[in-house]
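Presented sequentially are two complexes of chain A, the first with chain B as partner and the second with chain C.
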Partner chain A sequence: MAGRELTFRIMRYNPETPEVKPHLQDFKLFEEPGMTLFVVLNKIREEQDSSLRFDFVCRASICGSCGMLVNGRPTLACRTLTKDLPDVTTLLPLPVFKLLGDLSVDTGTWFREMSIRTESWVHDDSEFDPTKQEERMDNEEALKIYEAERCIECGCCIGGCATANIRPGFIGAAGINRVARFMVDPRDKRTEQEYFEVVGSEDGVFGCIGLMACDDNCPVGVPLRGQIAYVRRKMASAGWKMKVGR
Partner chain B sequence: MGQYEMFVTDVLVIGAGLAGERAAIESARNGLNVTLLSLVPPRRSHSSAAQGGMQASLGNTAMGKGDSPDVHFMDTVKGSDWGCEQDVARIFADTAPIVMREMAHWGVPWNRVTLEKRVYDGKEIHEDPEKVGLISARNFGGTAKWRTCYTSDGTGHTVLYTMDSIVQKYGITVHDRVEALSLIHDGETCYGAIVRDLRTGQLRVYTAKSTVIATGGYGRLYGASTNAVINEGTGMSIAYDTGVVPLGNMEAVQFHPTGIVPSWILITEGARGDGGYLLDKNGYRFMPDYEPNKKELASRDVVSRRMIQHIRAGYGVDSPYGQHLWLDIRHLGAKHINTNLREIATICRQFNGIDPVHELIPVRPTQHYSMGGIRTNIDGQAYGLKNLWALGEAACWDLHGFNRLGGNSLAETVVAGKIIGEKIAEYTKDVSLKVSTSLVEDHLLIQQKRIEQLRERKGTENVYDLRNRMEHTLNTNVHVFRTEEHLLEAVHELQELNERAKYIKLRGEGKGADPELAFALRLPGMIRLALTIATGALARTESRGSHFREDYPKRDDENWLKRTLAYWREGAKGPELEYEPVKITESPPGDRGYGEATAGAKPLVKQ
Partner chain C sequence: MQLQKAMSYNPRGDFLVETAQMVSGLLLVLFLWAHMLFVASIWLGQGSFNALAGFMDRYGLLPLTIVFLVLVFGTHVGAVLRRMPRQYAEQRVVWKHAKLIHHGDTWSWVFQSITGSAIIVLAVVHIAIVSFAGINVHLSSLRVANPGFLVFYIVLLLLSEYHASVGLYRILVKWGFVNRYSMKRVLNVVSVLFIVVGGVSLWILYSLGA
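The block that comes next holds the complex of A and B.
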């Protein structure tokens, strides 16, 4: 029994030939049981157009490589089943990030810059002592850190964010969530004021206009709405204290 | 020669997974200039996909009470079927608890011991109130104690993110979306690598006092593998291509009992560790019949074989993708499944449309891990070339022998990263870099020529067809059960593919960063690795760990207590095999206490 014939309308752009403007190209193939966009795109590359560029690594919604706009919505391609798609599907690269070719965008560089800008590491000057037992931590606390740490840097929250699309320096929901991850970690010795330097601006939490597209788009379900509210509260109070202090 | 970008560094680390990053940190701390290379952004490396956990004998939990490096050492040696280097296993077991605490210090949110009520296998577990808040552990296969440290369902993810945060903190240079194509060497010393920029397709030269390969495993040779799609073994192949660096024990390939059918995504051992069962087509729990002591938690090689054995005995479930068995975690309850095993639940729901709280999960043994790799000494120095190092899954340090225990691989990456990283730093300080321009340009020219030749499109062979043949051969002939007949077939087929790979014809033009060209550059090396696996398996006329010969079902210590070393000499048509003794320092070969030697090779099913 032959499956549905599916059409994929894919944005093509090759930086090698900048004179050819980005355009949409149609590819057709027959649906198979359990088919995902990972299967579809590889089939197209192997059978129809060997130059098609896209990124997959884990193909299991773990690594965050394959964010793209599927019929306008940012999501992970590897976990998109064709049975949930209409007969014609448009695939576009995620906006905001640098386009490397076709559906491939440079999320890696964006996230690295954001991480370095927000100094996303535990700030603690003490030396590790290999002879000592580990510091205790309440399991609930560990789970809270993990909740924020679950972000896979896929960029779906960024691609769909109104602010990020017009403000190149905006760290986006993923960036705000990243700061929250360290704020809740008792091992990070940064003060509220130090965090304020990092996120207390229009490029940080105050740039967010709160429409919460990000929360709906996060494929791993990081509670972005709550995280943004948490950081905003903390930073508003830090900002207020700093003003008073001055 | 044309223009090319040139980078000079003290330490060049090819691979930015856990092993590569941990080693790089050690060099950076010692004031050396380090450059990390990766096919993908470091955090997308395959290490991030490890969900289960990593072993260290902290002994904080009730079920881990009495654990020690000695017990961990013994489990590792038994698991390896006495094929590992025991001095390596010893420093590994001794160091694992320290690195676990170091990772905690750096920021990993390990799950901690709590007094929350838990029932395991019908018994209630009572934790020691004194231990509350210390690093917890879960159960994994092949271990005497619970010692697998974890962060819910995302251990590899959190450990890699934390490791990478330290790489950022030290300001280590990272070049992502690049691929090392060959090593620069003169047959005695390694001087760096020829690298292709995957954004533009341009070639680059990196010269270094020390070159480190930490490129992970080769699972994708099998196609049906739990591994990420970038795990194509290129790091092993570029070392092998030098003709002087041997690969160790390439026939030792691990199959994981529970790859989900048909996408082969891994269902982590945590599922069985937390109390999941394997069921057959009658809904019968068969493992206790074969393995009365360890049941579902015997080592992976044993469980995988028992499953295939049970399927062969007529108890498999039919499906369009071949026969499979079921994994049942329903009795663990919605709360446990949706928190501790959330990633599994997500995979089942998203990729199979199954809810594991109420439904069974279709599983079959699937290629998972490469015990073999670039053979190094205990300090991580590769055999055959000076200034070359290897660690992590790409290496055969030889911690795992013929079977790796679950949770020992992540632990290896971090332990080896620390220990070997220290050695690299110490050693590199005394190296002065003298590399001749003509040597560099010779090596660059070889790669340029390969690319030009492919772009001329004069060949006949389709890359993807060749790859499909290779995958098929390995999956049918070099799998869980092996025989001379099938292995011979595999060797012949792969020899033929190796010839055909010289005549690849691109379908497209192969311009710039073209993905087909990238694959065409990789495939010949992959086929050479595949042929090496098959050749080693054919030669080894015994069964040990994951290498099971139906025609030689017993371990043969008299003739085979030794490690395979494969060389691919310049211009050769196949591997040349040599052997070296296995280092036994503490534990003479004995019975594993599970598997065929103990329970007999016949099925004991009493249905």
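The block that comes next holds the complex of A and C.
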């Protein structure tokens, strides 16, 4: 079966040759059954232009490396089927992140910095006793942590966020979700006040203006709206108590 | 942290501004709705409108309202300004971004800052006129009968209802109290209702004045 002819308008830019301005280049190919953007881009690179840059690793929505703007919508290329696309599709790299070339961006550095800033590790000063039995965790809590940990760090919620686009320090929905993950974890002994230092600001949860582009775009469906609201309420209560305390 | 930042560090600053924005916004929404209902007293006849206005005048509610408005409105504008991408470069980024990602709610933010700026001007004019001229059916109907003013009021009505509805939606979404989509629908209905209420009041005043 001969498929539709699809046109892909792909942004081309190489930071090493800044004199060549970013521009859109058209590629055409025929649709095949079950075709994803992963197939499309690889085909284009193999058959039409070997200099085209993009990232894929798992091609199964697990690694989070293929986030890009597909007709403006931040999503994973590997899970986007061409049958859901119109005849002409524009592909742009994710905003906010450092552009490495064409569709490839560096999400890793951003996420590492975010991890450091949100102190994404379990904080506990108590002495470790190797002879003691491990403490049990409530199943409910474990599930909540698991829900937050489903984030694959693809950056779709960051690229689509208006705030993140104008506020470089903003930790975004992924960052707020990360904080929520540690907040529900009973092993993390941080107090509300300590969390407040981390996210109780304009760069944290109070910078979010609630446009919910993150919630609408997360490809794995992390419940970002709920996570943001959860952290916001916690931080509001911490901010409130601070006044009483002083 | 830089020295100056460390010295002026107020961990609660952002939280307080955010709270100020929300509380003042909520108060303004409530005020707007009460306002529309008060004006709607014209539905019952000129007598009730004048009686209400007279009542407010007698007990000093008018100056009180104006003080309230100046304070709350001022707070809201002050708190919100930090959110509005002010610099030209930022404006362009947001505009481009909204165009790029085809996302309804992101557009509503762009509109929110546009309608907000327009309301600052229009509402100040409106408040100034009312506080200098006073309120009664005669004055209001004459004003509304003037086509320029009629347009002015219709625009102000539409802008403020839109701005209030989106703002309220945003607050509820951010704090996560209710389901997003059903809430949006409820708010749309409420706003349309108030626009109708305001519109009918304007129409009655217009026919009285003409």
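The definition used in the following text is that the second predicted complex is superposed on the first by the 238 of 246 C-alpha atoms of A that agree within 3 Å, B and C clash if a C-alpha of one lies under 4 Å from a C-alpha of the other, contacts with A are read in each partner's own complex, and residues count from 1 in each chain.
Everything that follows uses one rule, which is that contacts are C-beta pairs under 8 Å (C-beta built on N, C-alpha and C of every residue); 3 or more make two chains touch, one makes a residue touch a chain.
All of these numbers come straight from a predicted model, not from anything done at the bench.
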Should chain B and chain C be called a clash or a fit once both complexes are overlaid on chain A?
fit
Does the superposition put A:210 against chain B (first), chain C (second), both, or neither?
second
Please indicate which partner A:16 is in contact with in the superposed arrangement: first for chain B, second for chain C, both, or neither.
first
Contacts for A:135 in the overlay, against chain B (first) and chain C (second): which applies, first, second, both or neither?
first
What's your read, chain B or chain C touching more residues of chain A?
B
So in the superposed three-chain picture, is A:143 touching just chain B, just chain C, both, or none of them (first/second/both/neither)?
first
Which partner does A:233 contact after superposing on A: first (chain B), second (chain C), both, neither?
second
Across all Cα pairs of chain B and chain C, what is the smallest distance in the superposition, given in whole Å?
19
Overlap of the chain B and chain C footprints on chain A, listed as residue numbers
none
Within the complex, chain A is touched by chain C residues 11-19, 82-83, 85, 90, 93-94, 97-98, 100-103, 105-106, 108-109, 170-171, 173-177, 180
Report the residues of chain A in contact with chain B in the complex, numbered from low to high.
14-16, 33-34, 36, 45-46, 49-53, 55-65, 79, 81, 100-101, 106-109, 111-112, 115-116, 119-122, 124, 128, 130, 132-139, 142-143, 145-146, 149-150, 152-153, 185, 187-188
Under the definition above, what is the set of chain A residues touching chain C in their complex?
69, 71-74, 92, 95, 160, 162, 165-166, 196-197, 200-202, 206-213, 216-217, 225-226, 228-230, 232-233, 235-236, 239, 242-243
Can you tell me which positions in chain B touch chain A when the two form their complex?
40-41, 43-44, 46, 48-49, 51, 98, 100-102, 104-107, 109-114, 116, 132-136, 151-152, 154, 157-158, 161-162, 165-166, 168-169, 174, 176-177, 199-200, 228-230, 262-263, 265-266, 320, 343, 346-347, 350-353, 464, 506-509, 511-516
